[in-house]
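All chains are identified by letter, namely A, B, C, D and E, in their written order; residue positions are counted from 1 within each chain.
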Amino acid sequence: MKLDYYGLGIAKGLMVTLKHLFRRPVTVQYPEQTLNTSRRIRGNELVWNEEKCTGCSTCAKACHIGAISIVTAPNPEGDKYPVEKYEIDTGYCIMCGMCVEVCPFEALYMGAGYEKAQYRRGDLVQSKEVMKYTSEKYVSGYFYPEFAAQLPLQTLLLEKITEEE
Amino acid sequence: MVMKTEPLVLNIGPAHPSTHGVFRMRATLDGEVIIDVEPIFGYLHRGIEKLAEERTYQQFIPLTDRLDYVSAMGNNMAYCMAVEKLAAIPVPERAEYIRVIMAELQRIASHLIAVGSFLNDCGAFMTPILYMVREREKIVDLFEMVSGQRLTYNYMRFGGLSQDVPDEFLPALRKFIDQMPRYLDEYDQLLKENEILLARTKGVGILSKETAINCSMTGPMLRGSGVPWDLRKADPYSVYSRFEFDIPCGARGDSYDRYRVRVEEMRQSVRIIRQAMEQLPVGPVRSKTPVMLIRPPAGEVYSHVESPKGELGFYLVSDGSIAPYRCHIRGPSFINLTALREMIVGWKVADAIVIFGSIDIVMGEVDR
Amino acid sequence: MVTFDLVFPAWQFKGLPPDWPGGFWWHFIVFSIIILAFVLTLVIMFIWFERRTLGRMQARMGPNRVGPFGLLQAMADAIKVMLKEDIVPNGADKLVHLLAPLVAFVPVLMVFAVMPFQDGAALVNLNIGVLYVMAVSSISTLGIFMAGWGSNNKYTLISAMRDVASVVSYEIPVVLSLAGIVLLAGSLSLNDIVRSQAQSVPFVLLQPLGFIVFFLGGMAEINRSPFDLLEADSEIVAGFHTEYSGMKFALFYLAEYAEALVLSTLVATFFLGGWGGPLLPPWLWLIVKSWAVFFVLVWIRATVPRVRIDQLMTFSWKFLFPLALLNLVVTAVEVVAWPEALPVLLIPVNIAVGAVLVILLSRNFKPGGSQVEA
Amino acid sequence: MDLVPTRRFVYSDADLDQHEGEVIEALKARSQQPIPDQDQWLSEKAPEAGILLTSVDKVIDWARSNALWSVVCFPACCAFEFISTAASRFDISRFGMEIIRASPRQADLMITAGTLTWKMAPNVRRIYDQMAEPKYVIAMGACGISGGIFQSSYGVVPGYSRIVPVDVYVPGCPPRPEALLYGIRMLQDKISKAKVFRK
Amino acid sequence: MTRAISGEELAAGLEQRIPGSIIGTSKESILVNNQSLLSLAAHLKTEPGLEFDFLSSITAVDYYDYFEVIYQLTSLEHNHSIVLKVRCHDRENPAIPSLVGLWRGAELQEQEIFDLMGIRFEGHPNMKRIVLWEGFQGHPQRRDFLSW
């Protein structure tokens, strides 16, 4: 500990921490306040559009851990196969968004919800009823700019601090 | 009088607060002085290289995120560049610029974590790392804006990017690079001249130039020892040859030099981003490539980038199928640990932690 | 504490032991309860205060959910820790392991026996108070060493060794720095020291060097950051209490903050005028002053990195020890040469002497420690 | 006085490595099935208890749920989201959780932030065993729940539930800090429903 | 820009100094005889004008018939690079001379290759498993290793 600066270096550091004592903290009080997430958020759920889905299973092929399990009827009805079972195991899913990216019929979207913690492992499997797309569902704009435009702008820490100073 | 002493074998890790994950050192102590140390790896060996062989080229991109998870964008870029070199896929100009911006932002974020945890290892109670993480949060916000995730971005694709940046990105980025130098100054004020920090890090863990080169050190480790070797200058990839920046170098190769090199590199990155923003062209961000499967011609390629930790190389062998025949990753963190023994032996336990922190490893890349 | 003045007006404690029925024992019991209440309440408040202040210094909130402003956070922690399973590790020296927390905590409580809360209001007004404080407060080192030795763990052992080394070397400058105070006050009794400060000025002005040495040395003895080597969680996990859980850990945790409280109150008593002060009741003055000292401790903890063990020793022997010695000599000369000198004269002289000595010494101060050839 | 260093160990380094390998293989053979979730009581109706016991229960549960100290067990990627959660912006300290004990003896909560490999598994089990009761585990992220993206790898444990019983599963890769905070709130709920004096 | 030295060009010079060392060449690599790897590498490291002082990466690839070990060499001074390749046809007990004596950077990488690919590097000071535990069956990076 060569006292090159006679303790002034430490004093400088002390001033920085003191300055922070009087600044407003940057904390978001989570359960009460929530951040606006990104418009392209890849939340812990998928949203599946039953009308558009043809049962082609491209999403399941693109998924590299097999988190999507899809069972369709053996015979097509019109130009699509009726989907009997569509499940995603969020315990496996890593939310890479590959399935959404490859879907040729624009029938699969990322969801925006992230509060999906469960007490039981089995509850993590999202069935097709849970995932079904409705117009009031909060859908992320990942690869869908038209959805993104409807979502609120993301809260940036950057702006919060600049406003203060 | 002859006193018999017996060395004490101390296991540092794998679950130890300052081994940056699950690294383990089997240290032999004489009092507080380390007389021998044996690094033990593998506590996070997830077999990524093997998994690459089981996946298509596209599907491997999310895995690269988890390689060096502090700099996911950099890994994305390195891997995509390797595949593009292999399959001769062109990349649009705008995509190249955005890639550079992302890589440099990621470098800042990674160095922030490196510096913060290094200072934390020196014993500053949480404060530096919390300040640094606060800065990192701003960068993470930007990444989340473009890719939708906070840590594993999965943003780059062969032949460009997955999506163009949103409209609100560039103003936010501008604001960020205007703010960043001011905050860096503040953090320098916090600890740069702190006598205790100087005493703890100056002259500690000296790595000589010759050893650094012989041990294949790269990144801030090599530059901290005074070798101005930076792949962005030495072997410019992407559009780096169009930017002006300096390569900060240390003089003695001690822990303090490495810390300063990282801080200076953050300033240089801000400089690069500023230039890239000025030159950013308009146009497409993704060339015509298949969304799901590509079949590069048989061959092999080695492509490297300057990741925040050092030279990150991807060695890909293709047999013409949809999956790589062999994918080897040259992880800089792993190879930077080669000289760990020389650097640590003879120092005290507390120094060992500081020296280890100054190497800045990420276990995901060490064990892969 | 609030009703202290109402229930036991100050006049009741004038002259010790008091002459009311039951005599000494009433006094003993009442003050023991007061000290326990004082220590426990203030320790819990200090823990809360430290966490909140640290939080704000680190740009965040700190505990604010449990109770108003998170005031009950420390209570929740205490209840939880006490109800946790109690583990004695395999191969531990059971008796030593069990006794260690008590040996560490009780002496810290004992220090308060001589602490004057107002003029003459102490459990005992020992006429060798300073000696007693220094002697008793170092016993808790034994507890820490017992914990380190008895836990059958290498990290705790290293930590215990560090603690013994640091306490042994810091005891000397600390005692020497107090000698200056004793010379000025002419008494070893804590109450007399405070009283003589009330008559002139707080000793921090007369003894700036002594203050610095005592404060830094005290920080090293109670292992506050930057001298918190024995709990260095980035190096040796949790230090000496790595293997402790449940109630025993709670005692260590309590002892750690009680030690901080001891240091704060001692600094307030020796250097900042103790209970002396206008307007507010004396015991409140003591609390306010110790709180201010504790704030500085927290502030330093939020800022600086930790020193290394050899640097810790060098700092004591090569920096604080000469400073304390020189300070003692200077004070002795002053006391002998100008026994009647006004504080007005001595304050600038002492501050100037202190500044010159600090600068000279820090110029020539080289921390030891470099790579050992293996 | 001369100091004579003696290098005499009971075990050589090679022996230690060999032993480690045996321990890993044994654990691997032992934990081929996940430990079932022990949460039947969550849906059970609470048995009637005396008023005294109930209020004691309440105080204890209040203390336990508000003072969760987590242990250092952060093998991989999720660690950085945990750091973000602990850092200024999301600030875990509001719940009194900023005390992250490096020593498992004093911790209550294990947040399994990251991929678990078989080589690391004995250590994690040991950390869990060293924690004092009551102890809780949050499986954070896909790797913690099921091995996630690495589940088909030769070295990876498919989920922490093979090694330790898990209380709350937080999906995501990695989960956002808010998601983790939500998981922690769920755990707090779970604790506050617990009956300390159960028949 | 790092100049990738053409294999043919380099091989011509090397063949005169160490005869019989080069088996084949390609545009950016030279394929080296197992026995003369050490002397050739030493030559590459010290020869003025070449001075490959930096070994960036070592890889091994399993081609079923043989293992190929690939060394990426760079010279920090002249900023040029070359790729060395060595083949090893023995599948049961493959062995290759270690380069740790020349470049210490090879130490951990060779150890890793031994662990994952099962190629023994002769002369390496610490040839044992590095990332996997003792007692792990097989070498996972080989093509015929099945993970499940």
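Quick notes on this structure:
Throughout what follows, a residue touches a chain if its C-beta (ideal position, glycine included) is under 8 Å from a C-beta of that chain, and two chains touch if they have at least 3 such contacts.
Here the structure is a predicted model, which is why all the values come from computation and not from measurement.
Chains that touch both chain A and chain E are the following: B, D.
The chains in contact with chain A and with chain C alike are B, D.
Taking each chain's centre as the mean of its C-alpha atoms, chain D lies 43 Å from chain E.
Put simply, the C-alpha centre of chain B and that of chain E have 25 angstrom between them. Centre-to-centre separation of chain C and chain E, using mean CA positions: 62 Å.
Among all residues of chain A, those that touch two or more other chains are 1-3, 7, 10, 13, 16-17, 25-27, 29, 37, 64, 94-96, 157. The set of chain E residues that touch two or more partner chains comprises 129, 132-133, 140, 145, 147. For chain C, residues that reach two or more other chains under the stated contact definition are 55, 57-61, 233, 237, 302-304, 307, 311, 367.
This structure has the following touching chain pairs: A-B, A-C, A-D, B-C, B-D, B-E, C-D, D-E. Those residues of chain D lying in contact with chain A across their complex are 34, 37, 39, 42, 88-91, 94, 142, 145-146, 148-149, 151-152, 159, 161, 166-173, 175-179, 181-183, 185-186, 190. Per the touch definition, chain D reaches chain E in the complex via residues 14, 17-18, 20-22, 24-25, 118-119, 152-155. Note for the complex: chain B touches chain A at residues 55-56, 58-59, 61-62, 127, 134, 137-138, 141-142, 144-149, 152, 154, 162-163, 166, 168, 172, 175-176, 179, 186, 189-199, 291-292. The residues of chain C lying in touch with chain D in their complex are 51, 55, 58-66, 70, 73, 75-81, 83-87, 233, 237-238, 241-246, 249. Listing the residues of chain B that touch chain E in their complex gives 41-42, 45, 47, 49-50, 53-54, 211, 213-218, 227, 229, 234-236, 300, 302, 304, 311, 313, 315, 317, 325-326, 328, 330, 334-335, 337-339, 367-368.
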